[in-house]
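Down below are the structures I want you to see.
Both complexes below contain chain A, partnered by chain B and then by chain C.
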Partner chain A sequence: MSVLERPPAPPAAPRRRGDRRFLRALPYLVPAAGLYVAFLVYPMLDAVRLSFFSWNGFRTSEPEFVGLRNYVRMLTNDPVFYTALSNSVIWVVLSLLVPMLLGLLLALALNRRMIGRNLFRSVFYIPAVFASITVAAMWRWIYNPTVGSLNQFLEAVGLASWQQQWLGDPKIALYSVFVASVWQGVGFSLVLFLAGLQQVPAELVDAARVDGANRWQVFKAVTIPALRPTTAVVIILTIINSLKVFDLIVGMTGGGPAQSTQVLALWSYQQSFSNHDFGQGGAIATVLLVLSLCLVVPYLVRTLKAEEH
Partner chain B sequence: MRVKKMLAAVAAAGVVATLAACGGSSGGAGGDDELTVWMLTLEGSQKTAMDTLVSDFEAAHEGVTVKVETRSTDAHKDALRQVAGTDSGPDVYWYWEGPGLGGELVEAGLSKDLTAEYEKYGWGDRFGEATLSNITRYGGYHGVPFTQQAEAIYYNKELFAKAGVTAEPTTYAELEAAAAKIKAAGITPIEFGGTVNWHVMRLLDSLLETNCGSETFDQLVTAKTSWDTDCVGRSFDQLKTWGGEYLNEGFQGVSNDESSQLFYTGEAAMAYEGTWFDSQVVDNGMDPANVGIFKFPTGTDRLYGFGEGFYINAATKKADQAAEFLDFITSTEEQKKVVGVWSPISVNTAVTPATDNPLHELWPPLYDAAKGFYLNNDQNLTLAQTTEYWRIMNSVLTGETAPADAGAQMQKFIESES
Partner chain C sequence: MSGATILANPAASGGQVAAVPAPPANRPRRDYVSIGLWISLAISALVWALPFVFMFLTSVKSRADVNTAPPWYLPTEWLFSNYADAVDTGNLWVTGANSLLVAVIKVPLGLLLAAAAAYALARLRFRFSKLVLGLLAAGSMVPIQVGLGPLFTTMLSLDLLDTKLGLILPYLAFGIPYQIFMLYGFFRAIPDELEESARIDGASTFRIFWQICLPLAKPALAALFILDFVATWNEYAIAATLLQSQDNWTVPLAVLGFSGQHATDYGPLNAFIIMSAVPVLIVYLMFQRYFVAGAFSGAVKG
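This part shows the complex of A and B:
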């Protein structure tokens, strides 16, 4: 065998280097990974496991394996599940439309040079730093049917007939809570889109203008493609935050009236921790997990593929 | 590349966090000479009163210390559930006595049967029959009564007079007629906060007692008779009438604290509250001389209310010390010091009612006239049943469920559970 016939060896070297780097990094990664597994991965898997058991949460009672019974009951005998599922879907769709669009429009407006730009940016972002329970308390007062500022304002401007029981009417309560969510959440999208707009190459915009593109054409052909990574992040965060919406609803309606503002995350919590039915709660949490994965993963994969290309 | 990593991290963390459940904490018993007591958060006069009971006990029992750990309502429930079956729980815990709450812990084996202690200390003679009924309902003796709370209708005398209501209603028909007169006078007849379901539930519970009678009421809440019956339908029908005609506008969107303001400020003529409301009425600036209290006119002999007690943990190694402590704090001498703090009437029958608040004096005749209590249904029903009971109640009030269908829905849920 001649020297020339030997198989090439060089590719192994970078891999070994990579392995060594990984081994060196491992001690630093282990504590965080351990905490992640203990406090996130394990409870998640345990919730899925519990969905196949009947258990009231007492250590004195052994969980009883019931197979798919919790799922069957959830799908056929739970009077709240479909309301919660439908509300969660509505919440995701509205969140993808309203605060995202508002955030983008505000970001475009506040990305240009103008007097008081930083003040406006702060004003729009401030609600995002409030705790949800604070936002809930504030909006509960705004919506109060007798002393709330919204109904009083409507009366003052001669629109008394528009007065509503904003949180007491099951037909509109969910949307009333959603308005508070938009008020709180739009600043977050705004900041992300503003950061994205800073990354739009000025030379591309200038080149497009030199080529005779108008504002809309520049926006469509340059700004939107440049914002694609930011938009992906905003969409994924919006979907995830929408699916786990919890505290704002707890603070404003507790899921009522008559469970009309119930969502999957809250219903799962209430089944487990209020009704002491951890199997049923686990089944709902598992549905929520599957729904999250179904919504997030395909979009993530598609975006990553687009990035590769 | 950075974007890819960011997206991957965001998605992974977000999806996992969506499902991750919360953990909890557990307590632990102290040393040999320390007694641990778990109860609800204490504030103001209640904290002072508990401190007095504890310091008196410690002074009378040299070397023994009592450590009181307090939590908010839900945290207290969670903590006790987590320590059931372990030796890390308290020696003594405070809890509601009803089967949906205290009974659940008895069933879980957390409570020690105190039959021997009742005999030793003669507690059977210390407490009244009605008070003891929730202690003996699980077989043996579980818990030592600490409060017996009653609920009734508080009313504003001036508003009643203004509306032409000259006497306290003694029948349901009189109550509804009074509400109609008050409404006609431009006053909100009664206030409720619908976001906390248990508030409006008081009205529904009392309508069930009114229409079904005591015996059927008890059979309903113990699933011994079907909810799909006329008296239940009639109760839901009346509930809908009250919701549409006599409750404060928009009650579904406000809490009990918010709706109580209507009573304090003279905008609502009635409030369905309990013994704890005496002090709130005065604290919120009402003249107690302008406030009256009458029992919801169910037509039965029972008063609406619930008991709260101290239980000895079945796993404690200090059961004798714990029993000694409970005997001490419910003794006549100690109860005289704290009567009126938790309730105007002590569970110790030898203690005369409190007189520091004029409203306290209105309760003894109601207690004396009552032959037992009917419990709030969130203490009677299982937790899941309570959630469904509230859902049906609210959906009747919002018009989504016909009153005639409400009983059948409740019955269907109860059957699906078994």
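This part shows the complex of A and C:
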């Protein structure tokens, strides 16, 4: 709050002063907020609206109001919805376990001085700058049952019996895709945790060392508490990114085989665009929206409150 | 300068001092731990790099080589012509130019608009600025796919389907909120005294934004620029929904198209995959310092 921009006005008219500030902020705010509302908020709310209509998406036909029928159908007559929902949940849980912990371990290791540290960091991070669709194309080739590197490697080391139809077997396809996402995603949590570790106060570590704490004690008493805000950020971003997963699955399996890799984001898309059912697509999108907001809103409220101080 | 000092604490730039062998005076037990750690890191890094190695080797192999020998064998003949073939069959110049044009317009414009909004929210704080910030930020964290259906019909009715403008507008909308959220923190960190003395000198609100706040946020802007360039170059879902004719495709659509149509030409396919990522790799390597350092430190601060 700057003081000088408004000479000692009596607190009599705070309302009008607030309005003036708002008017001054408007020209800076309007272009960004306008785009945001027109091309992000509006489509999302419109998806919710469409979930109460039956519409094939063609301009020649009018959406017809059907109330909750799309939701009823989604819940009672769409086995793919439950597959997609449980796959999305599996994906979230696995992402919280594997790439996040791996990222933390790597960050702890790479936070020390050592030969080749920058090279290691780059190797783990570079997959994260690749387009997911590119990663999908890479891994589809790695998983190719005949000429792919994975099966050929297994054969070369005498484990030919372990060879699989990695993406063709409904029982394992989801996990095959997930491995590719771990390969790509570790760099993301690695970088966040590295940034967090930079903020662990060195004086505290030194003080603990001087007091005779061993490495494990320092880690438990200093590092872990100092990493708490970082961990909160990584968890929320990991969950959000997991709910968004789309490109990898489109690029590797398209949701197959037999819908075994279907997730909410893709199923909503396919209902709208492949099955020409924008109402069903909207209903699934609404579920996704509500799920995301349930996670995001408390996080944001907390962050913005903390920022106050 | 406090906006800058947040960033002057980069996660990666300290790495130049990497080669510090543990002094021999140390207790030997600690050295074994370090060596073991280093070896396991090196092995993990090798595993992580293998897909790239195989990709490159395959990208210079003939079809016969791919079909008869394992991926880790060297090619009998180094077929760099695969790259030229891939450029032709995959229409890479056209799609690359499309992606570049979209990124060159979208990224700086988006950053400018986000910076202006973040400035308004952070420095011209009005009654509901916190609420507006929260509403903006919430949108950045919701899956894009939720709005794709209606986005398609919106663009259809605006007659912007399958055009670059029709792609840039939603790209701006989806990029801006996150950038506002990040820049808000930087603008808030600028000390009030700086702004006050500028006001005494007669600077207008716009001058304070343009000549004080923006320059102070340069490290954050650089980091966001790179992040946004990479995100824009890699974006698939919106482009797949809104672009139809192949001449308007962006690079990710071309990658998927190529790997669908020429799935058995492994040499050119891998060449194409590699080339599709060259721009982001260049950007990453050039700006690595900012990228790893600044991009997230604002987020982590909370």
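The working rule: the second predicted complex is superposed on the first by the 271 of 309 C-alpha atoms of A that agree within 3 Å, B and C clash if a C-alpha of one lies under 4 Å from a C-alpha of the other, contacts with A are read in each partner's own complex, and residues count from 1 in each chain.
Throughout what follows, a residue touches a chain if its C-beta (ideal position, glycine included) is under 8 Å from a C-beta of that chain, and two chains touch if they have at least 3 such contacts.
Treat the numbers as computed from the prediction; the structure is a model and nothing was measured.
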Partner chain in contact with A:54 - chain B first, chain C second, else both or neither: neither
Between chain B and chain C, more extensive residue contact with chain A: C
Chain B versus chain C as contact partner of A:288, first or second or both or neither: both
Which superposed partner A:143 touches (first chain B, second chain C, both, neither): first
First (chain B), second (chain C), both or neither touched by A:258: first
Touching partner for A:169 - first (chain B), second (chain C), both, neither: first
First, second, both or neither for A:270, with chain B first and chain C second: first
Chain B versus chain C as contact partner of A:184, first or second or both or neither: neither
Chain B versus chain C as contact partner of A:297, first or second or both or neither: both
Contacts of A:250 with chain B and chain C, given as first, second, both or neither: second
Chain C-contacting residues of chain A that also contact chain B: 39-41, 43-44, 46-47, 57, 59, 140, 229, 232-233, 236-237, 240, 243-244, 265, 272-273, 285-286, 288-289, 292-293, 296-297, 300, 303-304, 307
Chain B partner contacts - residues on chain A that touch it in the complex: 39-41, 43-44, 46-48, 56-61, 73, 77, 79-80, 140, 143-146, 165-170, 173, 229, 232-233, 236-237, 240-241, 243-244, 253-254, 256-260, 265, 270-277, 285-286, 288-289, 292-293, 296-297, 300, 303-304, 307
Sites on chain B touched by chain A in the complex: 3-4, 6-8, 10-11, 13-23, 74, 78, 81-86, 104, 108-110, 194-197, 248-255, 258, 262, 383-384, 387-388, 390-391, 394-395, 397-398, 400-401, 409, 413, 416
In the complex with chain C, residue positions of chain A that touch it: 1-5, 18, 21-22, 24-26, 28-29, 31-33, 35-36, 38-44, 46-47, 50, 57, 59, 106, 109-110, 112-127, 129-134, 136-142, 147-149, 152-153, 156, 183, 186, 191-192, 194-199, 229-230, 232-233, 236-237, 240, 243-244, 246-247, 250-251, 265-266, 268-269, 272-273, 278, 281-282, 285-286, 288-289, 292-293, 296-297, 300-301, 303-304, 306-307
Chain C residues touching chain A - in the complex, by the definition given at the top: 9-12, 15-21, 34, 37-38, 41-42, 44-45, 48-52, 54-55, 58, 66-67, 70-72, 113-114, 116-117, 119-121, 124-130, 132-134, 136-139, 141-154, 156-157, 169-170, 172-174, 176-177, 180, 185, 188, 192, 195-196, 199-200, 205, 209, 230, 233-234, 236-237, 240-241, 251-252, 255-256, 258-259, 266, 269-270, 273, 276-277, 280-281, 284, 288, 292-293, 295-297, 299-302
